[in-house]
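Next up: some structures, all given as structure tokens.
Two complexes, one shared chain (chain A), two partners (chain B, chain C).
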Partner chain A sequence: MGRYIIRRLIISIPLLIAISFFVFTLLQFTPGDPVDAYLPPDALISPEQKEAIRSQMGLDRPFLVRYGYWAKEAVQGNLGFRLISKEPVTDAIASRVGATLLLMGTAMSIGILLGIFFGVVAAVKQYSILDGMLTILAFLGLSMPVYLAGLLGLYFFSLKFDWFPSGGYSTPGQPFSITDRLHHLILPASIIAVNYIASIMRYTRAAMLDVLGQDYVRTARAKGLKESLVIGRHALRNALIPIVTIVGTYLQFLLGGAVFIESIFGWPGLGRLFLEGVGQRDYPLIMGLTLILAVLILIANLITDVVYAFVDPRIRYD
Partner chain B sequence: MTDVATSPPLYADDQALGRKTRIESPARQVVRRFARHKLAMTGLIVLVFIILACLLAPLIASHDPDTVDLLARNQGPSREHPFGTDRTGRDTFARVLYAGRVSLAVGLGAVAISVAVGMLLGSIAGFFGGRIDNIIMRFTDVMMTFPPVVIILTVAAIAGPGVRNTMLIIGLLNWPVPCRLVRAKFLTVREMEYVSAARSLGVPTKRIIGRHALPNVVDVIIVYATLGMANAILLEAGMSFLGVGVQPPTPSWGNMLNVARNISVLEGDPWQWMPAGVAIVLTVLAVNLIGDGLRDALDPRMKI
Partner chain C sequence: MTRRNRFRKPLLFLGMLALVASIMAPSLALAQENSGSGGGIMVGGFDVGPGGAPEQFNPLQAGAGFTWFEKYFSKLMLYDPQFTAIQGELAESWEINEDATVYTIHVREGVTWHDGEPFTAEDVKFTIEFAAHPDSASYIGAKFASVESIETPDDLTAVITLTAPNATLLDAFTFLVMLPQHALQDITPAEMVESDWWRTNPIGTGPFKWKAYEPGQYVELEAYEDYWRGRPALDGIINRYFPEAGSSVIALRAGDISFTYLTTDEALDLQGDENFTVLEGPSLVVNAFGFDLTDERFQDARVRQAFAYALDRQIMIEQLFQGTAEAVPCAYLLPQFIPAEVNMYEYDVAMAQSLLAESGIDTSQPIEIVTYYSDQLSQDVLVTVQQFLADAGLTITLRTTDTPGTYNEVVADPAQWDIAYFGAANGPDPDVMSTHFQSKESNPSVINRSGIANPDLDALFKQGRETVDPTARAEVYQQICSIMNTELYWVPMWVTTRFGGVSNGVENFIWVPAPGGGRYYDAAETWSLAA
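Take a look at the complex of A and B:
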């Protein structure tokens, strides 16, 4: 297992290089001169001075050399500076990453718990009215874009019913408290989880139906085991195996959801930072964020595969 | 009729009765199986209804979608304006219908691009294998590691907004899935005896791919294209919602939702954004149901 993890980490290095190179190349096609963005707009500067700044910043060097320079610094933990605020990109990311991880972690937990629960219910009661209703709800959940769910959630649960605050990370002017944070967290996290619940439910239902038809489930029933034990211990544990892969691969979509939901709810996380960067054409920030997000996704995929081996002893990675 | 043979050969029986036996073509079978799928048929009816409403927008809507009427701003629904009016007094009902044309066209165009690119690269990778396959598949790996929304927004910020760019961006970033589907199928197909037979007869590779290999992926691609279109409509709406997709004054369902980012509009004038939201959900739901039905209908192991 240890060797497998190391091998996977080594494989992901060229992947990260490819991703960052791709974005770096894209950013070369952007209109505008980075020197202009770097200088205050009212700076009086001669073309010669501009040239001097350009060569001082290394902008006159060939494309590949500049990428190499960026990569060398990035490896050492320096992702450059934001264009307008001049804040180091690593600081900007570090100060926001916690909020996003909290939001996504909560959304993921809600999605996994509710998705598996509804999936099991639908499978056990196959072809019942309840199953039909859950199926239709799942389709609705899969067809509901996260930004619309966000707007509807904000409209009904915050503005009309006033159950939850209409945005932000905490109530301004109040000292930090866990209940206050939870109160702000529940609504946006549940909304990000909508798609996730729906798809995990569909997969759980299919996997459960598959397992419920197996001989060992019949054996368990024939032994006279309680139905709850048959479902929980014999069926669900085996049905979970394919679901683990879904949990990991959906992280990308959760991240996409976070971009919209953080913007709608004013959640101070990476998603909103990213939108800020896109809006201000803050290229060092976009570059740094893309890299960090890619690292997050690669790690999540790796964790998924490792967990997969733990859940299913038949899988060996040696 | 004898009472001994309970089930005489159908064919002989039919002949005796002067009927012709019909063997159903596979395509007909799929159509019949699809027609029995209740949810999918519901989806199809809803989608046809939406498409017709958008195409016939000039006949259905009594107002022009772009006419500004400053005396009738921010109105609620009325006989004159079934869905009310927006900040500049434009008729929301008319705008939703015209926006549907843009959103559906972008969705269709984007999925066509991703299917075309995906099929091309996928068939090259799957059929030739070896180093070409390796290069193409590593490239799809890279593409699939990106969180889609993040990369789409990055490219959109660079390329600039607009209908054409939106379609291109969505299409060109979504080809890895059809590419992998086609490649996987081709890897098995190219080992088939009829492909070796064609090869030994000297059939040119282009023709082998076109005539012998590609028909095998039609069903997978149809299902992908349907579900991919739902995805493309959602992405377009998301980009336009954030302001990097289709730009006003051209209406699209996404940019009609954009006004709801202003909390006073969100709370005070739900009529300005909810109709577009409902249109998105209904369309995507219908397309998803159709896709699901198609998948079941095309899978001979599924009982419908």
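Take a look at the complex of A and C:
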């Protein structure tokens, strides 16, 4: 197992170089550069002044030189500075990562727990009214675009019912408190969770139905085991294997998956930072975020593969 | 075992209830706090909309955001809220010599920086030289390029000598925030561009001083006790960021903020609500269609005039803008710059057709209109324009760029565009138009994307910059308007109305739209929250 993990990590290095080079190259072909994105179209600025800002940002140097310089610094942990605010990219990311992890972590936890729970219920009570309702709700949850759900959620739960604040991370000007943070967290996290609940529920239901038809489940029942033990220990544990794969692919969204909700709710997270970076053509920020996301996705995939070995004794690496 | 289980469920339920209750509690507590008399903290979306520059903290480089900057930084002068005249702010008075080459500025006595140091004429000299330094990469500093020398005979007087006459320098001062020499003198302009001073501890002379910046969330300022007009009525003011524009109006309606910029639809929607007041004013931005004059199809003035006659501007204003825009004869809107005789190019499709026929333009060739405006209203405008021009016999294709940046790149290259639809600041000072209408030969640093080269315009803009007397100066710009109106290098469309919404719980609140926001005296020190 140890050797397998090391091998996977070594393969990651050329992958990361390829990804970063690819993104860097793509950025060269996006129309508009940071100076144009930064200045309003009617800014009264001469071409010479524009050129001065451009060279001050280092944009006048050749493409490969800039990539080489970026890569050299990135290897040493320096992701450069944001082009406009000059804030170090690592600082910008560090200051946002907690907010995103909190939001997505909460949303995914709700999604996984409720998704598996409803999935099991739907499978055990297959073709019942409950199953039908859960299935309809799941399709609703899957097909509702998240930005629409976000705006509707804000409209009803913040404006009409006044249960939750209208976005934000905390009440401005108030000292930090856990209840205040939770108060801001619940609505956006629940809205994101809907999608996860729906899709995990569908997968769990299918996997459970598959397992419930297996011989060993019939054997377990024949032995006279209580139904809760049959479902909980014999069926669910085996049904979890495909679920782990699904959840594993979701892990990558932990850091970049909430672009729309973060924007609608003014949540100061990485998804929104990324969107800002693209809008401002903030090359160092885009590169830094891409690199970190790539690293995390590679790690998430590795973790998924390792967890397989624990969930499914048939899987062995080496 | 079973008995304990039976107890656990209600307990769990009670526990959850308690959690929910405690989570709901803060909103109640906050509501009470705000209803206290006097003082209080106002929360607003001051950087929402086209006048805002969210999370940009360098006012020498920012193209917008002045409404907020002016809460903690001050300028020497500001306009009045109607943008009719410039009044003193940190400058108590000033004199200008006859040919507008020497400006003598008397700064106010008793003004202190937020750290307690006195504000003096030395700070004026320092700020101008700092901003105008090429390393500051400041387009605002560039407005002071003609400054030859600055002398400070005493602490309260700055004498500014220019290399060439410039009557627009007062307007330039309404852009330039004063910076503290004592805090920044050891930092070079180049270092200052990269400095975090702007977002960690900026020192100004405004009514509020810096308290905290929460990235991605808000900036908080607190009342400056020694503000020269007296301590502000509010204890503090908070600028909340809304990356998604539509959510700021929800926050306003929910009572979480007291002010935000509104789109036309949002404003019309909020107008009937008795808890809010909708503020409005002309945007000071003219929307126009600009031609690429290097394209020989558009070198014939008849083609440009046909374009104007083909569009029914009145019906577009009534139906698309619901009356919230005003048609203009040239790039200007303010009445003092409009001559008595102008052609409003009333809708006349037959005239458009005959002008096109006379010009002999090849109408089978499609013409592309490019814009950076991606909002629904502008898209509706362009589709309508496309239809009107089709009636006149022109085939139009539309293209919207994803960002202003892309647009800038497209219109920088004549080979890439035919006609552009855009907005350009047209005031308060009429000289803002010179950069669009002066020829590159007369001044290589102008924008002039259309490639306009008219010696009469060059001479008139020069004359306008050299004329100090307001009446004589206005006449110069009337002549400019007249040339714009006949030549139609741009087909001017309208100046739209822009809106803000404020909660009726805020008293003495003043806000008017302006390109880039601010630059007028809004008496923020008198704003207060109703008891």
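We adopt the following convention: the second predicted complex is superposed on the first by the 276 of 318 C-alpha atoms of A that agree within 3 Å, B and C clash if a C-alpha of one lies under 4 Å from a C-alpha of the other, contacts with A are read in each partner's own complex, and residues count from 1 in each chain.
By our rule, a contact is a pair of C-beta atoms (placed from the backbone, for glycine too) under 8 Å apart; a residue touches a chain by one contact, two chains touch by 3 or more.
From a predicted model like this one, the values you see are computed outputs, not experimental measurements.
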item	value
Chain B versus chain C as contact partner of A:Ile84, first or second or both or neither	second
Touching partner for A:Ile286 - first (chain B), second (chain C), both, neither	first
Touched chain A residues, chain B compared with chain C	C
Touched partner set for A:Tyr250, first chain B, second chain C, both or neither	neither
Chain B versus chain C as contact partner of A:Gly168, first or second or both or neither	second
Touching partner for A:Ile53 - first (chain B), second (chain C), both, neither	second
Which superposed partner A:Ile186 touches (first chain B, second chain C, both, neither)	second
First, second, both or neither for A:Trp70, with chain B first and chain C second	neither
Touched partner set for A:Tyr196, first chain B, second chain C, both or neither	neither
Touching partner for A:Phe118 - first (chain B), second (chain C), both, neither	neither
Set intersection of chain A contacts, chain C complex versus chain B complex	151, 154-155, 159, 166, 263-264, 275, 279, 281
Touching residues on chain C, where the partner in the complex is chain A	22-27, 30, 41, 43, 55-57, 63-64, 134-135, 137, 139, 142-143, 190, 193-196, 199, 214-218, 220, 236, 238, 240-244, 246-247, 250-251, 253-254, 256, 285, 372, 401-410, 422-425, 432, 435, 444-447, 515-516
Parts of chain A lying in touch with chain B, wherever the complex brings them together	15, 18-19, 22-23, 26-27, 29-30, 136, 139-140, 142-145, 147-148, 151-152, 154-155, 159, 166, 252-253, 255-257, 259-260, 263-264, 274-275, 278-279, 281, 286, 289-290, 293-294, 297-298
Residues of chain B touching chain A in the complex	39, 138, 141-142, 145-151, 153-158, 230, 234, 237-238, 241-242, 244, 257, 260-261, 263, 266-267, 270, 273, 277, 280-281, 284-285, 288-289, 292
Residues on chain A engaged by chain C in the complex (per definition of touch)	31-49, 52-53, 56, 81, 84-87, 92, 95-96, 99, 151, 154-155, 158-159, 162-174, 177, 179-180, 182-183, 186, 262-269, 272-273, 275-276, 279, 281
